[in-house]
Structures are given as C-alpha cells and as structure tokens.
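Have a look at this one before I ask anything.
The first chain written gets the first letter, and so on, giving A, B, C and D; residue counts start at 1 in each chain.
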Amino acid sequence: MKVIGILGSPHKNGGTAQLLISALKGAEREGAKTELLSLYDGEVKPCLGCVQDEEPTCKFPCIFEDYGKVILEKIYEADGIVLATPVYWFAPSGPMKNLIDRMTALENMVVFGEPSYLEGKVVGAIAVGADDGGAFATGYLITVLTSMGAIIPPWGIAYSHKGDKAIFDDKGLMDAINIGLLIARMIKRLKGETVDLTYQYEPKLRDAIRQEVISELGLIQDVSKLHPKKVLMLDKS
Amino acid sequence: MKVIGILGSPHKNGGTAQLLISALKGAEREGAKTELLSLYDGEVKPCLGCVQDEEPTCKFPCIFEDYGKVILEKIYEADGIVLATPVYWFAPSGPMKNLIDRMTALENMVVFGEPSYLEGKVVGAIAVGADDGGAFATGYLITVLTSMGAIIPPWGIAYSHKGDKAIFDDKGLMDAINIGLLIARMIKRLKGETVDLTYQYEPKLRDAIRQEVISELGLIQDVSKLHPKKVLMLDKS
Amino acid sequence: MKVIGILGSPHKNGGTAQLLISALKGAEREGAKTELLSLYDGEVKPCLGCVQDEEPTCKFPCIFEDYGKVILEKIYEADGIVLATPVYWFAPSGPMKNLIDRMTALENMVVFGEPSYLEGKVVGAIAVGADDGGAFATGYLITVLTSMGAIIPPWGIAYSHKGDKAIFDDKGLMDAINIGLLIARMIKRLKGETVDLTYQYEPKLRDAIRQEVISELGLIQDVSKLHPKKVLMLDKS
Amino acid sequence: MKVIGILGSPHKNGGTAQLLISALKGAEREGAKTELLSLYDGEVKPCLGCVQDEEPTCKFPCIFEDYGKVILEKIYEADGIVLATPVYWFAPSGPMKNLIDRMTALENMVVFGEPSYLEGKVVGAIAVGADDGGAFATGYLITVLTSMGAIIPPWGIAYSHKGDKAIFDDKGLMDAINIGLLIARMIKRLKGETVDLTYQYEPKLRDAIRQEVISELGLIQDVSKLHPKKVLMLDKS
C-alpha cells in the first residue's frame, strides 16, 4: 500500500508541510509506505490544452519531460494521494493548479479506451493559510478528483487558518492525521480487510505525531515563537 | 441496501428528476432498494443555528416537527444518498440548501460522543440547469458531505446543461446512471463483496433507462418537442 | 441614497448582525438612509423555477404574496444592498439562498425588454461563521450579483471567523464598515460627486461603531463573556 | 484610458482568445487604448509566499525578474483589466493562477502604508471551455479582485461552453463584448462622464466584432468547420 503526499507550498517546514507530514504519519500508522513530493522541487510546466485537439493526443504521461512527469508517474503508482496546498487567494497555489491541469493526462486515458488512471485511487486534500479559504481550496481539489474517478474517504478534507503554526491547531492537525488514517484504511477496506472507517479522535496520537513533526522539521528551537504555552509540554515530552 | 434520492427541484418530471430517477435505476440494477423524496413535497424549515449555542442542543433529529424531519430520518436509515438539485444561480436550490443546513443535526452528533450519522454513507450529487454551474453546485454538495463523514465514490458528480431535456444528454445521463451504479457497488465493496468500481460506459443500459424514465414520467407525448430526432427511435422501442 | 442590509441569520444580535449593522453605520456616515431586513422575520417561499417555462412568466415581483415579496420590493427601491449571511457549511444560509433564487424575478425582466432591476445597484457581501467558508460564501454572493447586473465596489466582501464575537474582530469589523462606506461612496461617485473610493483604515471610526453596535444590541452586559480583555476599554468609553 | 486583456490560454486563436479580443474591441469602441498580453508568452514563476515572512518583503513589483514582472507592470499602469482564462477542471488555468498569486505584490502594498495597487481599477473576467465551470472560474477571479480592491462593473463575468467555437456563441460573445464596453464606461463614469452603465444588447455590434475577430485570427478558412450555417453570412460580409 503506497500513499504519496504532494506539497504545493514553497515552504518545506511551513504549515502545509506540517499537516501533510502529519497525514502521511497517520497513513504509516496503518501500514502504508509513504513518500512526500514537493512541487517546488522542479518545474511543472503549464498544460497546453492538447485535450481539445481534434485527434486525441492528451495521454499519460504527457508530452513534457519535466518534473511534472515525475510527479504524474508517482501518482500513477500510488494507491492513495494527499494533495496539500497553501491557500493563496482562497484557492490552491499556482503550481498545484498546474499539476491538476497536467493530471488531465491521467484521466484522459478514457478517450483511448482505458479507465482513468486515477480511478479507484483514494484521495484527500489539505489546505493551510493565515486567512479564510481552506474549505474552498480543498473542496475544489476533491471535486476535481472525484471527476477524475478517485474515491474520497470519509472526512476527506482538512484545513487550518494557523499558517506556519498549523501544527498547533488541534482540530486541523487531528483532521489531517485522519486523512492519512482514513485513506489507508479505505484502501484496506476496498481490498476486503475489516477495518473501521470512523474518524479517530485520539489526542495522544495527535500529540505524538505533533512532536515527531516538530522534531523532524527542526521547529523545536522556534517553538517559543510559535506557541509559548506549549513549550513546557514539548520540553517534557 | 437502501439508496435514497433527494430531489431539490419543484419540477417532478424536469431534468433534475430525470437524471435522479436514472441514477436510482442504476442503483436498482445493482440490487438496491430505492426511494425518491422531493423537498417540495413539504416544508423544510430553515436551520436556526442552534449549533452555536453554548450548551450543545443541535442533535438528530432536530427540534422541528416538519417534513425536514422526515427527510432527515430517511437519510439516517439509508446506506447511500443521491442529492439532486436544479442549478439556481450556479448553486443548489434554496430548499436543498435548507436541507444541508438541517443535516447539521446528523453530523453534530460528534459533540455528543457519537459518530456523525452521515459517517460511512456513500453519497453522490447531480445538478441540472440550462446554463453553467453544475460542477460548482455538485462540487459544493460533495464537499459538505465529505465534511460530514460521507464517502464519495468514483465519479461522484454528474451534471447537465440540457434543462428539461437532460434525459437526452448522453453524457449527463450516463454519468447519472453511474452515480447510482457506483454508490451501490461501493456499498457492496465496503461490505466485502468483490465488485468492480469502474465507470460503466454502457450505451444499451443508458438507452434502456432513458426509455423507462421517459415512459414513467409521461414525457413520451412531449418527446417531439424535447428532441425531434429521437422520436422515431422512441416510437420503435 | 438608500442602502439596505439583508440579514440571513436567525440571530438578531449574532456576529452576522453585528457586522451588518456596522456596515450600515458606515453607509450612514456617508449620508445614506439605511434599513435592515431580516429574512427570518417572515417566510421567503422557495422559487418554483418559472424561469424555465416556455412562455416567460418569471417577472418582478414574483407570483408569491409572502415576505419574500416585501424584501424584493425593498431591493427594487434601494441604491445599495449589503447581503449578510451566516456561514452554514461554507455557504450562505438556506433563507439567503431562497432569496437569491427569488431575485431571479428582478433580473429576468431582461426577457421582457427591460433592464435587470438589479442593474447598477451597488452591492457588497458579509459572512460570519465560527469556521472557514466566509470567502466562498461572499464570493458566491457577489458572483451572482454581478451576473444580475449589480456593481461590486472596491473591497466588496468581508468575513469573520469569530462567530458571535465578530464585533471584536478588528479586521472583519473594519472590512464590514468599509463595505458600507464604499457602497455609499460608489453611489455618490456614480452620481458625479467627487469622493474617494479607497479603503478607510480608521481605528477610531471602527471603535466608535463597535461601541454603538454593542450598546444597541444589548451586548454590553455580556461583554465579559465575549472578550474579557475588552471590558475595561468598553467601560471607559 | 487603458484597458488590458490577459490571456491565460495556450491557444492564441482559441475560444478564450476570441472572446477576450471581442471584449477589448468593445472597450475600443468606447475609446480605450487596449493591449493583449498572453501568459504563455513567457514564464510567470510561482509565488514564493513571501507575504508570510515576519518582516514584510512582498511588494510590487515582486522579487522575480521574469515575464510575470512585465505583466504586473502592465496591470499597474492599466485603468481596466480583462482576465480571460480557459476552463481547466472548472477553474482558471495554472498560469492564470500563478499570475493571481503574484498579484499579491500589488495588493500587499497596504502593508507598506500605500493603497493596494489594484484599488479602483475596473476588472471583468471571461472563461471559455468545452464543459461546465465558467461561472465558477470567473466568479473566483472577481472574488479575488474585489478582495484586492478592484471594482467589478455590471455584468462583470462572461463564459462560454463552446470551446474553440466560442466566437459563434451569441450569448457568450455579447456578454464578452459588454465586459469591454462596461469596463470602459465605468472608467469614464468614475471620471465624471455621463455614460450609461446598462448591458448593451446589440446584435449588429456583436456580428461586426465577430467578423473582425474571425478575420484577424485567420479563422475564416475554417469557418465551414466551425459553424456551417454562418458561412454564407460570412462570405457576404
């Protein structure tokens, strides 16, 4: 079982990354192999709209030999996907939108008599900003993904308004972890395993994952800036 | 296995009804018991926003003894739900929005230590208009439903711009039928049955369901108005 | 110059009302006569979709003799309108959506050779919730209104996540006041007056309007609950 | 009076370009100087989210020396702007989203004690696709723009489902032309001129602009493919 996380933010230890990593840790708790891919690690060229050509030309893995192709291939191989984006003007970032546009090459296989290459994959979405828009941004992403044939698990979207302090947003963090847990469980369930598909409200798991993320992202030295009251708790743990 | 369809349109044989009935027929092909409920058959009082009260009071089945309560109870009992709305100004109709607001009573059970009463139900959405907005309207509905804990199956939204001729929109109709098929199959799959979750492109099934809907809704006498070229085909069938 | 505010919330002293009244006070500072209409004061029957009838029948003031008609007539007479809604599931409330649907009767006059009765009116939108969704809800409202012919002034949307404490949301409150100010100034400017159309960042005006709203809504006795640190400031003023 | 059009499509004679050029021709009829800028003519690098830095660094004209900077400077100088995008998955294209993200540098001047550099500019949006999503895509664009301080004129959005045949979509074309006319008229009106701000339903103007666009884009030889019934009419003109 492979679950990938796609980071649409330029900040590798920012709030979006924090919740995405948390989601992937949730998936790992359920036995998934995970991988995080950052859209800012290479170029995702803009879609050229070949889908409108008279003769069908838009097909996986797209005409471009760029980093976008690498991502599309990772998506193709994954059982589950977490799309995580910063909220830029109430919506996914430009690079995330470029990826969505390029994912047409996966979906458009239907024109060639194959199923959509997204069909049956389990997908959730995360968005983090300092202002409103997370529901809109994530709602948009899952709307596209169901239109490409993906399955959205229960509680398939998570968002936070806490910006680079998202890891301290108890609700946003618990929601993000559940995206990972529930993507992995849904994949198992679809394979016939008897696992529960209920939201896991587990403060201990949440706090444990929080500590791991803080530590791995090297946030610990900055924690006093992030959320003073939590420092003692963190030092103690 | 029970799948209900909720009609948010005042027109019982209009385009929204046409595609909703088609979806339910798809679910029936997979063995589901179905029921269609029309929001215009009674009053769905507007939500009073009790969810913001200091003491938790918003709980199933809501404080109102109205038709909305009947609908909420039907939702509670269903395994799968198809929400079907006309597109009024790019969005679900007012009565559909009133129902969404009232469904808070199902979701808010989490405050009382229970799971959301929508959790694990399989939900798709249909929208029909004469203009743009179907993707927005259905995308909105599934965004809310995943936020209430529902599962969105592959290809969970369908829409048509054909207004009261939606039954003749080949793509919109095939998509709507797939919503029914895939909701039912997803329910089976979650129960451990080995069924496929791929989009069913089956023109024969589509045409058969189209004929049934036309006949049941008494559209046959108006077919010449609806789509002249189809008349012969219909007369022959 | 007449500017009306339409309240889509059941709570007459809740956060939505607080920011709406603040916006109207902004408009009054610019000389507007204002009036607040609450959608929960009567019944706004759901639209019957007559706009799809073969013969054109959907026209102002709609076929219903209900409270919705009263509101539509007030809209017809106004130069400026503030639509204010609670955020229910990321979107306007059901009654606000029912009103939008009914406003078709104003816009559909184009079918009868008249301009849309919304054309040229200046409109802004406010949304208040305890969670995300304000940008989506207000963005939706102005999208519909521009499609009906209304003008959206600079900074035409405002929202707050502070729920019934929205009056203490400095940014949300300043934005709401600006909606009132800028609607009124836009109306003047369109009439040829030389007034500025820039965002007014005026903390003194904001605090003065806040005090007025708190006092008028009888929130003062509850202020300690609302925002303890503000109590002294309020007592002093 | 300067009105610029920004093309977010890779196709310079596709449907989006057709309606954008039509809008600019509308603005020219009202005396505007116009310029069309294509986002695919250069690189618009993705926003790095500097707006979240502790010290304010996000400011016009952004840190990048790329084609995006050229566009931002053109926007800065314009009185009116038409944003035109293809509909890719119900939303603006990736390059258009990258531009929106980069426009933060214009808006964020408020942090430096200046007004938003978008404030008071008059903006409309156009979207063209072969499927649903135009209302969502354009609604999104104007929601962002009002949040940056722009003014949305009456009838500020236009869309078509006709793809590369959008120039033959009578309603979409008339709407697009009105965006140009009404942006220009709004600019005049704000300057004190007495001009009308009503939707111009003028089939003759529409057909004249259509012919110009077809001719300029070299579509004439393909017209028989595009819309057979129009050929004679076109040959005659």
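Assume contacts are C-beta pairs under 8 Å (C-beta built on N, C-alpha and C of every residue); 3 or more make two chains touch, one makes a residue touch a chain.
Predicted, not measured: the structure shown is a model, and the values here were computed from it.
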Shared touching partners of chain C and chain D are A, B
More contacting C-beta pairs: A-D or B-D? The answer is A-D
Cα centre of chain A to Cα centre of chain D, whole Å, reads 32
When centres are defined as mean Cα positions, the distance from chain B to chain D in whole Å is 36
Multi-chain touching residues of chain C, meaning two or more other chains, are 90, 135, 139-140, 143, 147
Within their complex, chain C touches chain A through residues 90, 131-136, 139, 159, 161
Within their complex, chain C touches chain B through residues 9-11, 14, 40, 44, 46-49, 52, 86, 88-95, 97-101, 104, 130, 140, 143-144, 147, 163-164
In their shared complex, chain B is touched by residues of chain A numbered 110, 115-116, 119-120, 135, 138-140, 142-143, 146-147, 149-157, 186, 189-190, 192, 194, 197-199
